[in-house]
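The two complexes that follow have chain A in common; it is paired with chain B in the first and with chain C in the second.
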Partner chain A sequence: MGELLFQIGLFLGMLSLGYLFGRRNERKHYRSIQAREDELRSLLVLSTKIPPRSMLSHSSEMVSGSVVISVDYFKTVVAGLRSLVGGRVGAYESLLDRGRREAILRMQQEAKTLGADAVLNLKLETSRIGDNAGKGLGSIEVLAYGTAMIPTRASAPDNR
Partner chain B sequence: MLISNMEVVPGKRITQHLGLVQGSTVRAKHAGKDIMAGLKNIFGGELSSYTELLTESRDEALERMQEQARSLGANAVVNVRFSTSSIAAGASELFVYGSAVIIEDR
Partner chain C sequence: MSQPSLPGGNPKPPEHINNAHNAPVKDLLLLATGVLLALLLATLVLAYSARWIAPFIPYQWERDLFNDAHVPFEQSSAEDTANTENDAQADAKQQALQQLMERLTAHQPDRLPVTVHYLSDMDIPNAFATLGGHVFVSAGLLRTVDSENGLAMVMAHEYSHVQQRHPLKLALEQLTVSMMISLVTGDTAGLAQLTSSVTLLSFSRDMERDADRDALLMLQQHYGHTQGAEEFFEKMLDQHGESRWQTVFQTHPMTSERLAVIAKQKQVTSSKAQLTALPSELQIKSHFLNTGKANKETE
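On to the complex of A and B.
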């Protein structure tokens, strides 16, 4: 009997810790993502493969950004319950959204330090890491990469 | 050496294709980090030690690919792609490939 109570207590404890910290974490992360997105909005990110005419004499370099992000216990449980009935799993949607946007932001940051004005041919890759949470999602890695277009002296004045 | 994930390089002309080059690493997780990751699975958030580990490994795979390209006499690798696969619990393979080419100024 004591064993069972302990198990239930542990479960509820982990659930509430996950809920509190996970929610706080997510809000903080979204605020930070939005602030940095506003800041980096001038740096174009495109998924086109062919450079536009105005960038024909830019120099180029590959840039990438990645993030490993983990679910919280509350989300794991909610997603577990959701999988009984099927449908949208909002708990994981926001996790993947955060991961992708963070990875793109890091890539943009790298491009910015190189002095680039655009990143072309953006590719995104998502993979699942390990099996920490047992049956749950555990953590995901998102990688964003593309080619940064860096203006050179030849391309600077007349073409823009 | 120029690395790009586009098929064309602006301002440059590809004069010769030297074929596919590739590089890969298989990395396992550190047991201590795994415990930390277990805790993170309760609280949620970024696992920065993993982010670093994967970035390092990916850089190494890129380095191996460049080495191969250099030995072929290439001065650029274009159309580069990354690929990640988890091959066992706790280990993942990071793979990068592209076409080795010789470019010159247009």
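On to the complex of A and C.
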């Protein structure tokens, strides 16, 4: 009986810890994401493969950004229950949304240090990392990569 | 050829499309209650149907599946019990017990074969029936009873459990519940362990009552009376007494309640009923005196 109570207590404790910290982290992360997105808004990210005419004489370089985010216990439990009945797993949707946006931001950051004015041919990849949470999702890695277009002297507006 | 103009900047992604996770707690509570209710219902239905299904499973299947008697107690090593009998004696006892069981059940309709095991190292008076028709009798029980009738009552009781398929009913119920639990936790390893853990079953009060009733009938058939049936229970009452707590939580019907049933049955039988002495193989040294006394009292 005591053992059972302990197990239930542990479960509820981990659940609320996961919820409190997970929620707090997520809010904080979204605030940071939105702020940096505003900052880098002018550094274009496009999925097109063909460079626009204005960038024909740009030099190019591959840039990438990757992020690993861990699932919290609360999300695992909700997703586990969801797996019994099916439907949208909202808990994981926001997690992956954060991952994608963070990865793109990091890629943009790299492009910015190279002096690029755009990143073309954006690609995204997602993978699950390890079995570090038993049957749960564990951590996810999101990788964003693309071609940074860096203006050269030849492509300067006055030379066009 | 007009070149589409480049956007002035990246768009601001709308927050509510890819990130609609607004009420996670509500989500969790709704899912948890729904799933729990559904599982509870399914478990109840399945566990309840186990009682109906069990009698339709051929007894032979149960025998074959559990043909190795799995002794659910640790056998203590020979050194630490002073009164440990040697193997030959234990074997003789086991055979005598088996014979007693055969005699008792000889005239039962749809008689099911059972295997009797003797637990020579167990000093606690105890007997139980497990899956596959295995009946265990402890050395302590042989010491406790004074006549063959007392022992026969306990053995008939255990046989009745087997006859009514109680172990299988319980095992199916437990299997159902464990399956449900492992379904929720996703732990399939627990299911494999299960088959080894079902050997220790605790029957419900109703099952015990039914077994008592049938056991008394068997005694009546075999000896022509039910004298001595109360022996074991009376001894247990003497030794332990009965607290209120036990009556609420014990799965066995109250010992005194069982005694009352036996007493009621006895009124019907003639008063000159004779107790049968224990077969010599089943007597344990320290009890020669007691058996003699018991026989005298009834004469």
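Note that in this section the second predicted complex is superposed on the first by the 157 of 160 C-alpha atoms of A that agree within 3 Å, B and C clash if a C-alpha of one lies under 4 Å from a C-alpha of the other, contacts with A are read in each partner's own complex, and residues count from 1 in each chain.
The rule we apply is simple: a contact is a pair of C-beta atoms (placed from the backbone, for glycine too) under 8 Å apart; a residue touches a chain by one contact, two chains touch by 3 or more.
Computed from a predicted structure; not experimentally measured.
Visitor: In the superposed model on chain A, is it clash or fit for chain B and chain C?
Guide: Chain B and chain C fit side by side in the superposed model.
Visitor: After the superposition on A, what does A:Q109 contact: first (chain B), second (chain C), both or neither?
Guide: Neither partner.
Visitor: Pick one for A:R101: touches chain B only (first), chain C only (second), both, or neither.
Guide: Once the two structures are laid over each other on A, A:R101 reaches chain C alone.
Visitor: Given Cα centres, how many degrees, to the nearest 10, is the angle at chain A formed with chain B and chain C?
Guide: 100
Visitor: Between chain B (first) and chain C (second), which does A:T76 come into contact with in this model arrangement: first, second, both, or neither?
Guide: first
Visitor: Quick one: classify A:R41 as touching chain B (first), chain C (second), both or neither.
Guide: second
Visitor: Between chain B and chain C, point out the one touching more chain A residues.
Guide: Higher number of touched chain A residues: B.
Visitor: Should A:E125 be classified as contacting the first partner (chain B), the second (chain C), both, or neither?
Guide: The first partner, chain B, only.
Visitor: Just to be sure I read the superposition right, which of the two partners does A:L84 touch: chain B = first, chain C = second, or both, or neither?
Guide: Touch status of A:L84: second partner only.
Visitor: Give, as a whole number of angstrom, the minimum Cα separation of chain B and chain C in the superposed three-chain arrangement.
Guide: So the smallest C-alpha gap separating chain B from chain C comes to 15 Å.
Visitor: So in the complex, the part of chain A that touches chain C is made up of which residues?
Guide: Touching chain C from chain A are residues 19, 23, 30, 37, 40-45, 52-54, 74, 77-78, 80-82, 84-85, 88, 90-91, 93-94, 97-98, 101, 118, 135.
Visitor: In the complex, go through chain C and note every residue touching chain A.
Guide: Spelled out, the residues of chain C in touch with chain A are 3-4, 6-10, 12-13, 15, 18-22, 24-25, 27-28, 31-32, 34-35, 186.
Visitor: For the complex, which residues does chain B have touching chain A?
Guide: Where chain B meets chain A, its residues are 2-11, 29, 34, 37-38, 40-48, 50-51, 54-55, 58, 80-86, 89-90, 92.
Visitor: What does chain A use to touch chain B in their complex?
Guide: 14, 17-18, 21-22, 25-26, 29, 49-51, 55-62, 64, 66-73, 75-76, 102, 120-121, 123, 125, 127-133, 136, 138-139, 141, 143, 145-147, 149, 152, 154-155
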